[in-house]
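Please find the structures below.
Shared between the two complexes below is chain A, which has chain B as its partner in the first and chain C in the second.
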Partner chain A sequence: MFEFLIHVSTMACLFGLLALSLNLQVGFAGLVNFGHIALFGCGTYGAAIAFANQWGPVAGLLLGGAAAALLALAFARLGRNLGADYWGIATLSIAEILRTFATNEQWLTGGAQGIHGLPMLFGSLPAPWGPLATLGLCAVLLAVCWALCQRLVNGRYGLALKLLREEPQLASSLGYDLAALRRTPLVISGLIAAVAGFLFAHYTTFVGPDQLYSAETFLIWSMLIVGGLGNNLGAVAGAFLMQFLLAYVPFVKDALGLPSEFVAAMRLTLVGGGLLAFLLWRTQGLIPERIGGRHA
Partner chain B sequence: MLETILSTESIRKSFGAHCVLDGVSLSVRKGEIVGLLGPNGSGKSTLLNILSGFTPSDGGAVNVDGHDVTGLPPHAIARLGLVRTFQLPSMPHRMTVREVLQAGCRREAGLGGALRRWRYDAEVARLLDQFLLTRVQDQPASALSGGQKKLLSIATALRSRPKLLCLDEPTAGVHPNLRSRMVELLKEVNAQGVTILVVEHDMEFIRELCGRCVVLDRGALIADCAPRELVENPRVVEAYLGKAVEKGKLTA
Partner chain C sequence: MVQFFSDVLIRTVDLALIAVGLSCVYSLIRFPNIALVQYAVAGSFLALLLQGAGLPLPVAGLLACLLVGGLAVLLNVTVFERLLASGSAIAMVGSLAVTMILSAVFLVVFGPDSRRFDLDSHPVIRVLDARLTVHQLTAVGLTAGAVIVLALLLFRTTLGRSMRATATNRVLAAATGIDARLITNTVVFLSGVLAALGGIGLALKGEMNIQLGMDVLLPVFAAAILGGLGNALGAVAGAVIIATAETLVTNVNLGPLVGEPLLFLPASYATAMSFLILVAALLVRPHGLFVNEVKRV
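Take a look at the complex of A and B:
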């Protein structure tokens, strides 16, 4: 049970990083990204390709980060001529194209079977110290990224992002270059997602295209909506709440003596039902966005 | 002779077969307050949209403070000093009045702005006070009345240090008391060296505020004179009231 708790906490930290990074785009800059999982995929495949070519984990992290930054710039470039909703659909399409690419380009990505056997980051430590060290690293990185995001959005820069989100025409009339203003949060967000992907790859020791289904993007979206769009604490809280709820569904099944099919159905119900409930009754999420206050 | 801050040369614009601007040339000198008048549909707002880069023109040139800005995007034109407000100022729901004013200054909002420590912003406090917004500074900007939104949009525009402030119908839907205050405020702003071009229907407001007026009718410039001369200009009278009909003609 202790190992399971460490596992769920580690996964919650990784999803917390993803929720933070998506929140920077959607919650603050108003960039409706439905292809966020592709930025995470840059991190996982960066780690896997570096491992397959024996370049070492540092190269994997750099490769993943560079790929995510380039993809984020491509997303931003695409957004110059598209409205918010069309841009969202375009990001979803790009994520699906990249997943198909990863499925088919076996020479680079290992194809549908993916790449196995990545080393765990603290694999040399005996249990439970190895997983505990991984959890510690993930938790520290989550805290660092949270502090970075807080610093970004609580300052004047954050106000500029909010103006972009709420009134782009007004922002433009005041001299803000909307394309440049969109680019920066996308790249920072991409880098955070890539770090999460890198950690995930070395934690699960396997990278494959099945990890990049668009359903994963919508799971991160639901974490944000439940936690509170436009609030970094809410994003992390939503990720932890959803992750723990989903992880403990099998225990409920066992306690009630229900069939195995119940687990998958209950998880879907939890995500869909939770999402619907918050959209209907608490649109601002568990921890709403802070309006007003002091700004650097 | 005062230096020219804005000049347009033969601006043309059509929407389909409908010609909205037919070769409009005008100039504004530094330090002036110029009124841009005309009946509904005369092309005033379209001209303002072209000057500020929000609508591309079909032909002609726009020069702002010595720079050819024809075809430049709105943010580039704003950075050269031409900042505008909108006829129906839409304000953010999830930002307070003070936050909107703080965000108004682009130079302070770069990525480096995220690293700066909080400090009391004297300019924001002064503008809140000057534009009668101190009492509502912590309210969501979208919750303001129409007149307060107009005041906030002007104050926010001033945060980006404009050389030329273009106002699109600043008194539309504004309480008469606030209208008088707006005249005083804009004169104060002008005294600080900001040139003002104001699109307006309210003749009283124009007479109190402007030193010069240009009048558009059906996409063409028909008058460029002092406000008091407007009523004596037959082309302006005709544009607003229609052509005088000779006695007896209607019964024919």
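Take a look at the complex of A and C:
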């Protein structure tokens, strides 16, 4: 039970990183990204490809980061002249294209079977300490990224991002370069997602295309909406809440003796129902965005 | 060659009706409703249930279409109208949530296995050189019929004129006495019927399962966006382009390009190709090929 708790907490920290990074795009800059999981995938496959070619984990991290930054730039280029809903569909398409590529290009990605046997991060430590150390590392990284995001969005730069979200034409008239204003948060958020992907790959020791279904992006979205769009604490809170809720679904199934379809259906209901309920009745989420300045 | 064109035609029929429904409803409600692909699945499953209850398939299909149309209106009134007040992106995320909840309902009610309509075996007909089944031809006929009826409705009736007026300028239309909300819900109903019919057409030609909706989601969106969201008949053209591209990708021998006798791309690249066309088209013409509307920033 203790090990299970550590596992769920680690996953919650990783998804907390993803939620933070998506929040930077959606919550602050107003960029409706439905292909976020592809940025995470850059991180996982960076780690996996570096492992398969024996380049070492540092190269994997760099490779993943570089790929995610490139992809983020491509997303930003697409967003230069697209309406929000069109951009959402375009990012979703790109994520699906990349997943199809990962499924079919066996020579690079191991195909549908993926790449197995990545080393655990603290594999040499004895039983309870290895996973605990991983959890610690993930938690520290989450705190660091949270501080980074807080620093980014408080102050002038954050105000510029919010202006881009609310009144892009006004932002443009004040002399802000909208393309650059979209590019920077996308790249930063891509790097955070890639780090999360790298950690995930070395934690689960397996990387495959099945981890990159769009459903994962939608799960991160539900974390944001439930936790509170435009609030970093809300994003992390949403990630923990959803991860723990979903982790206990199989236990409910066993306790009630329900068929195994129940798990999949219940997950869909929790994610979809959570999204819908909060959109309809509490749009601001559990922890609403703070409007106004430091002294307001 | 004839086989190639018939493959394109069949794939077009797969996508056309749902894309038309999506496009139609976008012209009045300014957000892309992702849940529409699930209406297609709902349509095919309801038709299956009703057929199982002893109705002949045409009656079951018609009833299923009407029920799904009703479901679309119900969801629009209870969910999407409220969400749209907070913006189109929020409404789109909401339609995604509805999609997931419908998936869960399908999973619990119908289970994960594929089903088929209770039909006679699929006799193969040879048209020129192409092999087609009767059920494929039925689906083609259904689609063509539905598109023609829709075009007549849009361009030859008072109701159609009101729809186009409301889509072009809602305020002005309201000022001339058109009940914009009624018209909107009529179009929502129509889009549900079209999607359900599309789903039944898909199921006629093969199997139906709960993944059907998610499988056609992006190709349908690609077709609708290529046609210019909001332009109902443009969506048909979009579907033709997507179907042609997908069929080309899997049928063209790329071997000579790389100096090998035979090289075909895996079939799953077909859909990837349609997404690629979508992304490329959006780069060049951000709002679809057949729309001249100016949208800033």
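Here, the second predicted complex is superposed on the first by the 294 of 296 C-alpha atoms of A that agree within 3 Å, B and C clash if a C-alpha of one lies under 4 Å from a C-alpha of the other, contacts with A are read in each partner's own complex, and residues count from 1 in each chain.
Following the convention adopted for this analysis, a contact is a pair of C-beta atoms (placed from the backbone, for glycine too) under 8 Å apart; a residue touches a chain by one contact, two chains touch by 3 or more.
It should be emphasised that the depicted structure is a prediction, and the values quoted were computed from it without experimental measurement.
**Student:** So if we stack both complexes on chain A, do chain B and chain C clash, or do they fit?
**Tutor:** Because the two structures are overlaid on the shared chain, the partners are seen to fit without clashing.
**Student:** In the overlay, answer first, second, both or neither for which of chain B and chain C A:Asn81 touches.
**Tutor:** A:Asn81 sits against chain C, while chain B stays out of touch.
**Student:** So in the superposed three-chain picture, is A:Thr205 touching just chain B, just chain C, both, or none of them (first/second/both/neither)?
**Tutor:** Neither: A:Thr205 stays clear of chain B and chain C.
**Student:** Mind checking the angle chain B, chain A, chain C on Cα centres after superposing, to the nearest 10 degrees?
**Tutor:** Between chain B and chain C, as viewed from chain A: 80 degrees.
**Student:** According to the stated criteria, A:Gln169 is in contact with first (chain B), second (chain C), both, or neither; which is it?
**Tutor:** After superposition on chain A, A:Gln169 lies in contact with both partners, chain B and chain C.
**Student:** Just checking: does A:Leu178 make contact with chain B only, chain C only, both, or neither of them? Give me first, second, both or neither.
**Tutor:** A:Leu178 contacts both chain B and chain C.
**Student:** Could you look at A:Ile94 and tell me whether it touches chain B, chain C, both or neither (first, second, both, neither)?
**Tutor:** The answer is second: A:Ile94 touches chain C but not chain B.
**Student:** Is the number of chain A residues in contact higher for chain B or for chain C?
**Tutor:** Of chain B and chain C, C contacts more residues of chain A.
**Student:** A:Glu261 contacts which: chain B (first), chain C (second), both, neither?
**Tutor:** second
**Student:** With both complexes superposed on chain A, which partner does A:Thr283 reach: first (chain B), second (chain C), both or neither?
**Tutor:** A:Thr283: touches chain C, not chain B.
**Student:** Taking the superposed arrangement, what is the smallest distance in Å from a C-alpha atom of chain B to one of chain C?
**Tutor:** Minimum C-alpha separation, chain B to chain C, in the superposed model is 9 Å.
**Student:** Residue overlap on chain A between the chain B contact set and the chain C contact set?
**Tutor:** In the superposed arrangement, which is not itself an observed complex, chain A uses residues 169, 172, 178 for both chain B and chain C.
**Student:** In their shared complex, at which residues does chain C touch chain A?
**Tutor:** 31-32, 79, 82-83, 86, 88-90, 92-94, 96-101, 103-105, 107-108, 111-112, 218, 221-222, 225, 266, 268-269, 271-272, 275-276, 278-279, 282-283, 286-287, 295-297
**Student:** Which of the residues in chain A come into contact with chain C in the complex?
**Tutor:** 30, 32, 77-78, 81-86, 88-90, 92-94, 96-97, 100-101, 103-104, 168-169, 172, 178, 218, 221-222, 225, 261-262, 264-266, 268-269, 271-273, 275-276, 279-280, 283
**Student:** Considering only the defined contacts, which chain B positions touch chain A in the complex?
**Tutor:** 52, 54, 73-76, 78-79, 83-86, 89-96, 98-100, 102-106, 108-111, 113-119, 138, 140, 153, 156-157, 159-160
**Student:** Any idea which chain A residues touch chain B in the complex?
**Tutor:** Touch residues, chain A against chain B: 151-152, 154-160, 162-163, 166-167, 169-178, 184, 230, 289, 291-292, 294-296.
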